[in-house]
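Worksheet for the structure shown next.
Labels run A, B, C and D following the written order; every chain starts at residue 1.
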Amino acid sequence: MTVSYKFQQLPMEKVFRDPVHNYIHVQHRVILDLINSKEVQRLRRIKQLGTASFTFHGAEHSRFAHSLGVYEITRRICDIFQRNYSKEKIGAGGWDDSERLIALCAALLHDIGHGPYSHTFEHIFHTDHEAITVEILTSPDTEVYQILNRVEEGFPEKVASVITKTYHNPQVIQMISSQIDADRMDYLLRDAYYTGTEYGTFDLTRILRVIRPYEGGISFAMNGMHAVEDYIVSRYQMYVQVYFHPSSRGMEVVLEHLLNRAHELYHTEQQSFLATAPLLLPFLKEDFSLDDYLRLDDGVLNTYFNHWLDTTDPILSDLAKRFLNRKPLKSCRFEPKTQENLLITMKEIVETVGFNPVYYTAINSSFDLPYDFYRPKSGKHRTQIELQQKDGTLLELSKVSPLVAALAGQIQGDNRFYFPKEMVDQTLQDNYDLFGETYQLFASHIRNGELVE
Amino acid sequence: MTVSYKFQQLPMEKVFRDPVHNYIHVQHRVILDLINSKEVQRLRRIKQLGTASFTFHGAEHSRFAHSLGVYEITRRICDIFQRNYSKEKIGAGGWDDSERLIALCAALLHDIGHGPYSHTFEHIFHTDHEAITVEILTSPDTEVYQILNRVEEGFPEKVASVITKTYHNPQVIQMISSQIDADRMDYLLRDAYYTGTEYGTFDLTRILRVIRPYEGGISFAMNGMHAVEDYIVSRYQMYVQVYFHPSSRGMEVVLEHLLNRAHELYHTEQQSFLATAPLLLPFLKEDFSLDDYLRLDDGVLNTYFNHWLDTTDPILSDLAKRFLNRKPLKSCRFEPKTQENLLITMKEIVETVGFNPVYYTAINSSFDLPYDFYRPKSGKHRTQIELQQKDGTLLELSKVSPLVAALAGQIQGDNRFYFPKEMVDQTLQDNYDLFGETYQLFASHIRNGELVE
Amino acid sequence: MTVSYKFQQLPMEKVFRDPVHNYIHVQHRVILDLINSKEVQRLRRIKQLGTASFTFHGAEHSRFAHSLGVYEITRRICDIFQRNYSKEKIGAGGWDDSERLIALCAALLHDIGHGPYSHTFEHIFHTDHEAITVEILTSPDTEVYQILNRVEEGFPEKVASVITKTYHNPQVIQMISSQIDADRMDYLLRDAYYTGTEYGTFDLTRILRVIRPYEGGISFAMNGMHAVEDYIVSRYQMYVQVYFHPSSRGMEVVLEHLLNRAHELYHTEQQSFLATAPLLLPFLKEDFSLDDYLRLDDGVLNTYFNHWLDTTDPILSDLAKRFLNRKPLKSCRFEPKTQENLLITMKEIVETVGFNPVYYTAINSSFDLPYDFYRPKSGKHRTQIELQQKDGTLLELSKVSPLVAALAGQIQGDNRFYFPKEMVDQTLQDNYDLFGETYQLFASHIRNGELVE
Amino acid sequence: MTVSYKFQQLPMEKVFRDPVHNYIHVQHRVILDLINSKEVQRLRRIKQLGTASFTFHGAEHSRFAHSLGVYEITRRICDIFQRNYSKEKIGAGGWDDSERLIALCAALLHDIGHGPYSHTFEHIFHTDHEAITVEILTSPDTEVYQILNRVEEGFPEKVASVITKTYHNPQVIQMISSQIDADRMDYLLRDAYYTGTEYGTFDLTRILRVIRPYEGGISFAMNGMHAVEDYIVSRYQMYVQVYFHPSSRGMEVVLEHLLNRAHELYHTEQQSFLATAPLLLPFLKEDFSLDDYLRLDDGVLNTYFNHWLDTTDPILSDLAKRFLNRKPLKSCRFEPKTQENLLITMKEIVETVGFNPVYYTAINSSFDLPYDFYRPKSGKHRTQIELQQKDGTLLELSKVSPLVAALAGQIQGDNRFYFPKEMVDQTLQDNYDLFGETYQLFASHIRNGELVE
């Protein structure tokens, strides 16, 4: 008698060596098949941190590695839940292990819709990685769909509903997506490991020791409060120090201008693009299929930028060169409310010495909320972190942690004005004889990294 | 008065955060300019481990990161030599710190000639990364050359002579290239860190504590014998466990067949390639310039493989698919001397069920010498590792280490026969009804991973 | 010609392998001699964390290891200051390297006056480890004094003045003692390493990269703000999670009662103590010399407790047994202002079932200020942490860090009521038949770890 | 209905934070009770590495921590065996989980018979820690016995039979004692962690992945060969670099002479010892009970050495001072077969300048066999390490590992002659005027750390 696909265990557990979790353990045939699908393998060719690897050269890890990591953390949570907090053991609010496979699939596939340099790409080409994730999960042509559908009819849609947070079981949803979920836990640890920064490290083992299910989702034992607190602080540190790093954003704005320029040129002189960027054409045309999307990766974009070094458009080729050779725009902080006019002046100066400010200056603002509790009137609802006391009652985290209270609802980040390095580096100013005073004027408006009158 | 370029120090030491060495410290303007050159930046787009990242998903680090690491170790050695073993202090055999800049440049640039998937690429297109390194260093058009030449006339050639081992000072040469050099030390530590294996780890701090210059090059204090011994063992472990991993080699043979097929097709039907792989054309034509070479990277090849998914040649598109979607050929060990005929039989079986054995089988042998002492009659000369006793006399490592003696001159590795996974995985055999017995015959010739009669 | 003792360098740098700092490097003969002195060697027999090792079994490291660690961090700071921020380089506010030896000696010897279980011992026997440190440094009979005095006359007193913070150079004082000094940095890292907790870890390398001298003492470069912030958070975490752990304090109160009981018994029946605790006698008599003090260590006290297992006083022998066999008192939190009467009731219950509340209950409060800025009206002055901007102006840390602002001036800790485990563990209640209801009454006053009406 | 003691699980798993294994997990009440017994708690007061902590100051960890570690590794092995290789799953040769408790108890208690500075103490006082372990397990008065006996009658004897290797199940015996067992695995990792050396580190996770039971005991999957090989190499490295360190042995010989001198003095003038060393008396008398033995610990011996500083015997007080203040004897290697006469000469020289060679010189030889396979004629039988091939057949390790083959049966270690540091350090020679030539003669017989004619 054959076991149905849904329940097939590998004869021998398969492992993937992983520097963050030591080993990724795979026990289900379904999971192994998903890992081997072309849609998941494609994630090997997309960097997890995009342009941040230009600042942290060690951080060249892919979304594939991250996806395995999220899967592994979820698997461990399921193990702990099943061992100690099953419905059989603790009744209502306990874990139902028949949810395991759906949780594992959702964990592994949660980022499947990401494309190259997602943030920027989405902005220019109006794609949405979450919507595409759902599309990949539920389109009959994808390998992922075919594997999921073999589990049972409707299974692909169920996995998709975890991503869209409409699944009936909040425990499964919150494992994958909440303020302290397998996704965030993996990327903080992984990004810390690969950048080589220590501040992103928190104590995963300890958090897994205190995580518990309850009827409303996931909570943490009160005696694990400091472990959770430490996670929030690590998250804050990674944002302000790694994710918001000014140089990475200086590369991001170059990329944005570069793709924008290509987009514009397509409409004016599309012929030359036909040969140089075939896989990007559908997006320049704004008429693409899911299959078109799945052909893209970091290497494809970089290769087309490489091709564009030879185009006749000087802006396109120059921006491509700056991107490939890592020449980020430089920046200073500014105050949006009061320095609008000064920004205009600065752009004019940039233009004076010969740069088109549309392509060679930018405003970039990075902000994040390290943690927030429930605010009835807030637009975006966030699942707050709940601590479980001995008698089962819940307490929201910021009520007991002075550190988290300090961060809760506090937006972190800054506003930056970007401009060519040539504006402030005299060794690059080959027209200094003509524009010396202009350059000096520009420099005089920046002090201690801030824009000043 | 301006300081000459050669001696320009950065006003403030510049650091790059690195997970292996914590920080890479840059003090010379020359070094910073080299790092920012397009030839060095290009190394960001070439993976250090090539197809091994298909087996060790964490190991997606680039040759750029490795190059910085080799530079950093060399810098630390120079610091130690200058502080404790300068010519001023210990006389002849001591370190001359005016050699520092040349050592640092050679360290940073030693891999500059590497291209995408070097090993395979070189094999197919008859390139040689060491020769290209020298060409990049000494061709007036490269940014690297221009920076080096600003230091002083003849400086590019001097750096090149370190690479070719013709430089006059053996200490500088052995820092960069010997059986225990900055190159090997960085890649063992880095590859161990990124693969997540522990066996590649050795105690760099301790080795740096006992390294000392002598007239003939680099030696190690006797009391550091065990640290050096541990390094040799780590090297052995990384080779047999990571670098020779059968799955990575299973991807390598796919890649080799894929590039070979493209090469052949170019000669028969080159037109269709003009559009799909412009930057590869000069190589298919076997007429390429240095500039052509410097346009290549992993992403370029992968993108062209992606384009080839749509070609009409079924072998080319199938192999491209196998490579992009990570479908390595499977393998078993065999005995070259006695199993030649059996190999022929196995290939015939592969052909029977429908695979062209030219493109779907392969022989792959991986071998390395973890350590060797000087053998007058050996073809390839290796610098042996010397230990320095209290009275200054030298002793060759394997004379005092039973572990190293066990490994010295012993070639490690194996011979493998590669074939499609379809041959042994029944879930993939859609023609099993027809060829069931053939498949069984094939399987019967493999036992415990070895080819048997 | 012989070099004066003060300037004697070891012919070969001597190293001590250290798990926290990798190596402790000793270059001066003075330092090596101090390490080999009997007063410093004695620190090997005194645990750094006292009773905390009963909770964290891995943390059995000694004050000797910590002293070496503080020395090593100080040495590294001196190296950095000398290399980059010497008076010669940056003028007034720069580092004067002739201060190095005094800084190193003060660092190595800052804890030399500590005795066994310092906190408790001092409380019972009215000793003061800081005063004793000064006494050891300046008493002609100690080996430490003799070594220091060989450096130059008055040198012992100079080192002592660093400890008492009256030395003329605030940079030297703040290296050893400030809110972010070599002492705190070593013990946080070391205690985290040995307890196996990760939350005490901060990025020492990065802090050392941004530390700089200025006229008023030690400051940190603005771009190191987050590294300093992370240190403050680690400090907070170690306090609330390790140093204030309720079980360690449960052992501390046992120890306190035990030493108190011995003190009392001496006055009533001193004879029996003459033989069992000779080295403790001077303290029981309250008439001790420095030499008496230097004979004590953890093992001496533990051995006497061991002897006391055989005394006829049932309280003394029982408390000794509880201490040696690790039977801490249990505890619950309480509110000092409002629960005074309830505490009286609880003690009465403890007495009812047969325990003398004087020796079997206790109040223990642990509090710490993770960080504070200057408060003119505060009794105890603390050196605030200063950040240095590009133009040299200073900013106090909590002004730029929301995390530190949240912790600044906020006292952390709790008040606990301690009682025998027998009160709440039924398996230990051999008189439950008689006192069942009393035990239940006791238990009813504790909920979720807190005292309730 | 109450669960029998044997099967009682803690309501909530109890954990101990451990720096080596992260957490020690305790699930059985029996285990928790054993940990809390006075015999196990006593191990907190005995250092794991004895005099080695005088060389590696970080290595002050206790036998208590090691015992928990051995328990934890055994627990993990049981988990793996039960999950994957139970008798139910793989039939004969599989794991019977009813053996778990006995394995855990034996693991936790395997070192319970160790006393202070075991190696030396046993030598002088003719004790035997393995025999005492058995005695503690099976003597009705110990807490350990009482707990074990509550499990079921005969259980204490069963646990003892695992220690004496007469238990019927070789899997249980080999878990605790074989050439690759939980004991060795924990101490190698733990000692490496606490000394701060990296060479003792091997990949425990990977070894646990490949460990499997078979009828004859414990084996390892063939694909884990390199992990096992790495463990053997680590073991070799720890022996030659840590356990055999000449300075630690220089302290050991001081300790040996000190205890020997005390032993002799007892017979000649025992009165003075009655007061100073009460707990040591039974051993000096050579008439001690198990209870006497259990009163001893490192602190007790050190305290008595401290008392002896004041005795009138100059040799006893001087050796006590050398031990407490860490003044090891110095040493050089020698060749036992050919240098007997030279040793006599050296001792005479030592005597000439005023040292009694009986107490101030010593011969110390340290040897270990890193690994051995079965040798029918060898006196001491060792369980060889077996690798399991896919078809279940076993292969002995050294047959497939060139590294292990190099070490197998090869005894590592050296013979050393110890003498006072005064013999070679001129700053300590206060009678140099008289004996200058004698000192020079002594020094002339040592070259490059070896004894020469």
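Structure notes:
The definition used in the following text is that a contact is a pair of C-beta atoms (placed from the backbone, for glycine too) under 8 Å apart; a residue touches a chain by one contact, two chains touch by 3 or more.
None of these values were measured; they are calculated from a predicted model.
Hopping across touching chains, the smallest step count from chain A to chain D is 1.
Comparing chain pairs A-C and B-C, the larger number of C-beta contacts belongs to A-C. Centroid to centroid, with C-alpha atoms defining each point, chain A and chain B lie 31 Å apart.
With each centre defined as the average position of its C-alpha atoms, the distance from chain A to chain C rounds to 43 Å.
Centre-to-centre separation of chain B and chain C, using mean CA positions: 51 Å.
Touching of two or more other chains is recorded for residues 22, 197 of chain A.
Every residue of chain A that touches chain D in the complex is listed here, in rising order: 13, 15, 22-23, 84, 205, 209. Remark: chain D residues 197-199, 201-203, 206, 222, 226-227, 229-230, 233, 236-237, 240-241, 389-391, 402-403, 405-407, 410, 412, 447-449 touch chain B in the complex. Touching chain B in their complex are the following residues of chain A: 16-20, 22, 36-38, 41-42, 44-45, 53-54, 56-58, 60-62, 64-65, 68, 193-197, 275-276, 278-279, 295, 297-300, 302-304, 306-307, 321, 324-326.
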